[in-house]
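Got a structure for you, questions after.
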Amino acid sequence: MNKFASAEELTRYQGELKRKTNGALKTISLCGGTGCKACGCNEIHTKLVEELNLREIRADIKVTGCQGFCEMAPLIVIRPDDTLYIQVKPRDIPEIVEKSIAGNEIVDRLVYHDSDGKPIPKESDVPFYKAQLRLVSKKTPYIDPMEIDDYIALGGYSALAKVLTSMSPEEVISEVKKSGLRGRGGGGFPTGRKWESCRKAEGERKFVICNADEGDPGAFMDCALLEGNPHQVLEGMLIGAYAIGSSEGFIYVRHEYPRAVQTFSNALFQAGEYGLLGKNILGTDFSFEVAINRGGGAFVCGESTALMASLEGRVGEPRAKYIHTVEHGLFNLPSNLNNVETWATVPAIIDMGVEEFTKIGNEKNKGTKMFSLVGKIKNTGLIEVPLGATLRQVVFDIGGGIAKEKAFKAIQTGGPSGGLLPEGMLDLPVDFDKLWEAGSMMGSGGMIVMDEDNCVVNISRYFLNFLKDESCGKCLPCREGIRYMMEILEKIEKGEGTMEDLETLEEIAHTVADTSICGLGKSAPNPVLSSLTYFKDEYIAHIKDKKCPGGICKALINYYILEDKCNGCGVCAKVCTMNAITGKKDQVHRIDLDLCEKCGACLESCPTEAIVRR
Amino acid sequence: MLQVEMNKKKVDAELDEMLAGYERDRTEVIMVLQDIQDKYNWLPQEALTYVAKNWQIPMTDMYHIVTFYKAFSLKPRGKHILQLCLGTACHVREAPFILDALERDHGIKNRETTDDGLFTLETVNCVGACAQGPILIIDGQMRGNMTQTKVGGIIRKLRKAHKEEVAENE
Amino acid sequence: MAELEVVEEKETGTAPTTGRFEPKIVAFLCTWCSYTGADLAGTARMEYPPNFIPIRVMCSGRVDPEFIFKAFRDGADGVAVCGCHPGDCHYISGNFKTMSRMPIVKRYLEQMGLEPERFRLEWISAAEGEKFQQVATEMTEQVRKLGPLNWNETVETQ
Amino acid sequence: MNEKTEIIAEPDVKMVTFTIDGKEVTAPDRTFLIKVAREHNIEIPTLCYNEHLEPYGVCRMCIVEVTRNGRRRIVTACNYPVTEGIVVETRNERIINNRKLLLEMMMARHSEVEVIRNLAKEYGVDTIRFKEQPSEECILCGLCVRVCNDLVGAHALCFAQRGPERYVTTPYDVESDTCIGCGACYHVCPTNHIKMEQMDGLSVVYGDVSLGPDKPIHIDFMQAVPATPWIDQKSCIHFQTDGCGICSEVCPTDAIHYDMKDEIVEVEAGNIIVTSGFKGFDPSPMYQFGYGRLPQVMTSIEFEKLSNAGGSTGGKLLTPDGRTPEAVAIVHCIGSRDKNYNEYCSRICCMQSLKFSHLIREKTGAEVYQCYIDMRCFGKGYEEFYSRVLSEDVHFIRGKVSEVTDFSPDGLPEGKVLIKVEDTLLGIVREIPVDMVILSVGIEPQVGAQDLKQKLRISVSPDSFFLERHPKLAPVATATEGVFIAGCAQGPKDIPDTVAQANAAAAAVLQAIAQGEVMLEPITAEVMEEQCTGCETCLSVCPYEAITKDEEKGIAVINDALCKGCGTCVAACPSGAIKQWGFDREQIIAEIDAVLADIAV
């Protein structure tokens, strides 16, 4: 395949591909996201190939990136009629092949059923997908990430062609500024303004950097994008580089995402083959190279200056931002750093045009945002909603409400820099400003839903413990302050907390936020502060009543066996390493509270859920 | 610190051949270290001095880098690498209970290698499979919906397999 | 104050007071060291025999062997050449030349039948007044013991 | 960016004006705020800041509140670049509270560290609400790591781990092999957690051996003339690793050039004045006095340094263990007027001892025992001073001290030694316990006087001081023309005499120079052309190369300006072709004839 010498060659090739793909063959798209892979999507794939060969049926199998509905993994979608089969097992394959691929029937038992049992075979009708608006992740379910042609067939790189042939760098910047696009990394800084100041900065050599560190625990949108649709991210970087006037790009991928590195380097290779990367792209005098840099395993490297330090081969220590990285960034040269999702949104803006794009979202927050909806939610998965949608829509319409009919307690957004929001805030629109005002933060997009069985103090301590380990230790307030806050929370968890502790906690929180060097330190107190504002009663319960409402803090709870539910099966007694549980066969068992280590193994393994902790 | 003497000449030769592709540019140092760690399962001192010499990085920077980033280990790691995800989603689904169980029932402490050199436990933050939390990755292979009992079973199976292997080649 | 002795003059070269044989010793002294040393012995009121009569030369290197033979031939019973200690010479290497010439002269004189005590080469620095006194006294006594040289009878006739 | 900022602006630097605590100030654009504040002596505390290092901004002590285009935020002064029109508040309530809490955090971890305790006291931080740990001295300010890596370039120290486990160490926590022991980390450490001990002359830093004195650039002692500092290359960082260079940066007159080398300077001089001075007699061979063994015993020169205002104790007279002495003994004629050492009298010890007695009486009121043989107060006003010291009831004992010992059968008070002296006037031997013994050491020729003698061809007198041409008529001239001696080089003397001699020598030189021409040596040699055979024997004989060969005439020629008139060539010439004026052959022969002639004297 020789290189595209001009934009026309690219569009001509796109036409050819389109004609080839909408042929008679059925496409079986199998979700290959990290979650599905963990559930055995490989076995299903091999079984599917076997079955098709056995029956000499020709069909196009596509193992795609994460399609979003992780709760119902592994997923199979039969195109073009878009039938969605969920929680598919290898043994279901023959039936699917026979009925849906050979014939046109639907295997009813494998289809999604809504809460009152009605089957909904069509993928787009399933409530999880219907309530979403897919813009950035629209192409992912239709592409094999290792195949550049799939992306081009869906109109990939046409935005780049349009930009290179008909727009000047300044026009591109003004388009992005007009679009109102704000950084998806969590800060929400207007991307257009950032590109403009980087373009204006002195110096010939400039860098374009993609921040794929995604250190927030509970967030995997960037991972899904990189693994599912690497070319869209690359195309965004190319457009940005052209606008800023840079010829060198870096992508800093997190240590825990080896598959993302694989798919992205393969994408780079293929783009280079097609002349979409390297010297004189599409015959123009714009050239751009991208180097992949694998992170060393440090959350702090998500911060721009620390990331650049890591890129320079140094320890990831942030520096004061009095001098902006767009003027003096990597190797002290102007560098424009954006998040994976921000880069991936750029081609969508250019393709659909600013008018269409600004229709989505609210007044100051334009476009859509991807979230990873996890925790005690029915439909855990990767979603994309327009900015301004309310939390309630996300949690209940898309998320399907709380699993196991438990009561909703809180939703945590923004990862370790974000905050805990109570039920009262569920009608808050999800955008940069409103979340910030509520004491939380958009963050990269992790949304962790918690129910009555979670403890707010424990979650706050978890985040502080995480930040204590991830702090680079360079500046005093973050290194010492976070540890002292965590120690106070540990005291409260043990039931030794006092009301003065809460005041000290607040005081430290403000000092750490005021005087830390980088974002990690500045935003570390947010989880604690927001939990203190919205869930003060839980703190008081721990301090005064020495009770843990969520039943998590070991020192304050005990395990009980409910007589009415216990059928005496003895599983709990077998599992208990401390053999604190006694009881004869088929008789109600009892837990000896002194011996009980509160390890929770019994509760986990009890078939009749007869064990509770209070 | 478990001091394992590696034969310097042998290590240098292996590294020469393995790292030939790199351009000896400072931005590669972290990736080079990761490649070395993949090969030896840990970072021997001989490898560090090799990289320091060839990439012209002072030993002071090297030592800070290998102790700063969690990916690197200065001690030999176990035969099986256990990575327990402690991301928020997994935390909320009681991953810490599994961490306590590993230490209490099987004597495998976080960020340490068991004395018999069989297991090394590391905690990671979110590997992107939150729907199947809590996640335990055993030698790169992800296992979802873990519970204390399931983990106990896996550990015992691995220990038995190891015992048999040892018995075989004796 | 020692009582002033009246010195009687005598025709013969011998010293008037003792009637013993008074030898005549010609001493070539270099200005910077041995002559100053002699001068020091004088100012320090050191007593030494008058038979040791100095002739000043700028440097011991100036002493031509011809002068030594002339002195012996014209009646000197002993000749002494004194210079600076090697390395101290005011003219850097003057006394080195003396050091190489005088042994030849000494052997020559012995071959002519002179007793070795009659000819001495001494290094005396400006500070060694005592040494000058000691050399003068000792050489005078030694030559006195040897008696007069009578160059003509002893040397010429052989 | 280590900005080179002088507040006096260079022409092309853009100046900005802004306010600090309401006061208007101007400074070059983008200067670090801390520099401007300190120029206007506005006190901002810092711990991890050093003006010669890149600002690190980690201790957060220097936080201030800055309002810029309407936005108020807390920044660190040490690395905040000032811009036009910003409003800086260094001491408002928010800053004070934050700083107090930061100090409380530090007190929890570094409660014993002095610099932290002082700051905490200053800001009224007394209750520590956090879990206290055993006090650690290192506050992780990183000054040592940065000075070692960025400035010195020895790359010996580094940080390790991250978060609260972060600590300062050397790679693999073993003794560093790249540390050059310059001590820079020892100097910059604000809590002197890094120790530097002297181990037999070398300073040991952080467990690593150093090579030289602690401060590479220093002035030996205040009275040195000229009192200019010098750089000890062995322990100066710049010469070890080509790093640092701070001294040349801060020197206002740009006087420091690292490329200067010791050179041998050849000076054409017509005259040389030798003022090589003297060396104090070393009393260690005299075991009976215990010099070097007993700390209380010191030489007069050491006492001079002790009593000097610029000395180590700032002029206070203290015994080695820091006490003011109650009794002091001064022993005369140590190494002078002594058959076994130097027979001559060193002239200055008597008056020097009197001065010491007066000083001791005045400063400490201690009992002074002066053991003398004869009081030689020869100079103007010297005798009067002696009687005055007598009136200050100093005990004068006429006798030689036989022994100084720290043992006495009936025990000695702490820190005292016993001197045994035979008082010849009372006819008894006295044993006196004293706190300090001063040995009035004599004067000896300066070290190296011997080889100077060789080089300049001058001779020495029996006491091995340089010999003057004539003790009475030419005390500052030497036998060699144009070489003069003055001061103790010629013999022991005190300052008035030395000054007098110095003037004399200078006058003699000036007189020679004033004449404008030099009198040639009258006694020179000359070649008689008709007799010279051109055999060139004389050429090699002349030490002054005064004889050259005239090729056309084929004869030797003597340059009478160079010829010193020694006559060696005259004796060496085989054909007797060289005449010497004043000591010609005929003249010497005539002298021999005269000596041997039997005529009455």
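Some notes on this structure:
The first chain written gets the first letter, and so on, giving A, B, C and D; residue counts start at 1 in each chain.
In this section, a residue touches a chain if its C-beta (ideal position, glycine included) is under 8 Å from a C-beta of that chain, and two chains touch if they have at least 3 such contacts.
Here the structure is a predicted model, which means the values were calculated and not measured.
Between the chain pairs A-D and A-B, more C-beta pairs are in contact across A-B.
Centre-to-centre spacing of chain A and chain D amounts to 71 Å, using the average Cα coordinate of each chain.
The centroid of the Cα atoms in chain A and the matching centroid in chain C are 118 Å apart. Chain A and chain B have centres, each the mean of its CA atoms, that are 25 Å apart. Note: centroid distance chain B to chain C, computed from Cα atoms, is 102 Å. The set of chain A residues that touch two or more partner chains comprises 298, 315, 472. Taken residue by residue, chain D touches two or more other chains at 159, 161-162, whereas all remaining positions touch fewer.
Multi-chain contact residues of chain B (touching two or more other chains): 61, 64, 68. Chain contacts in this assembly follow no simple pattern; the graph is neither a line, a ring, a star nor complete. Here chain B touches chain A in the complex through residues 25-31, 33-34, 55, 57, 61, 64-65, 68-72, 86-89, 91-94, 97, 100-101, 104-105, 124-133, 135, 142-144, 147-149, going by the rule given at the top.
Chain D makes touch with chain C in their complex at residues 454, 457, 459-462, 467, 479-480, 523, 541, 543-544, 564-568, 570-572, 580, 583, 585, 588-589, 591-593, 595-596, 598, 600-601. Interface residues of chain C facing chain D in the complex, by the touch rule stated above, are 9-13, 24, 26, 32-33, 36, 53, 55, 57-59, 61-67, 70-71, 74-76, 87-94, 97, 101, 125-127.
Residue ranges of chain A in contact with chain D, taken from their complex: 298, 300, 315, 319-320, 322-323, 468-477, 479-481, 483-484, 487, 500, 504, 507-508, 510-511, 514-515, 517. The touching residues of chain A, when paired with chain B in their complex, are 33-35, 37-39, 70-71, 73, 215-220, 223-224, 255-257, 291, 293-299, 310-316, 372, 374-376, 380-381, 412, 415, 446, 448, 450, 454, 459, 462-463, 466, 472, 575, 577, 597, 599-601, 604-605.
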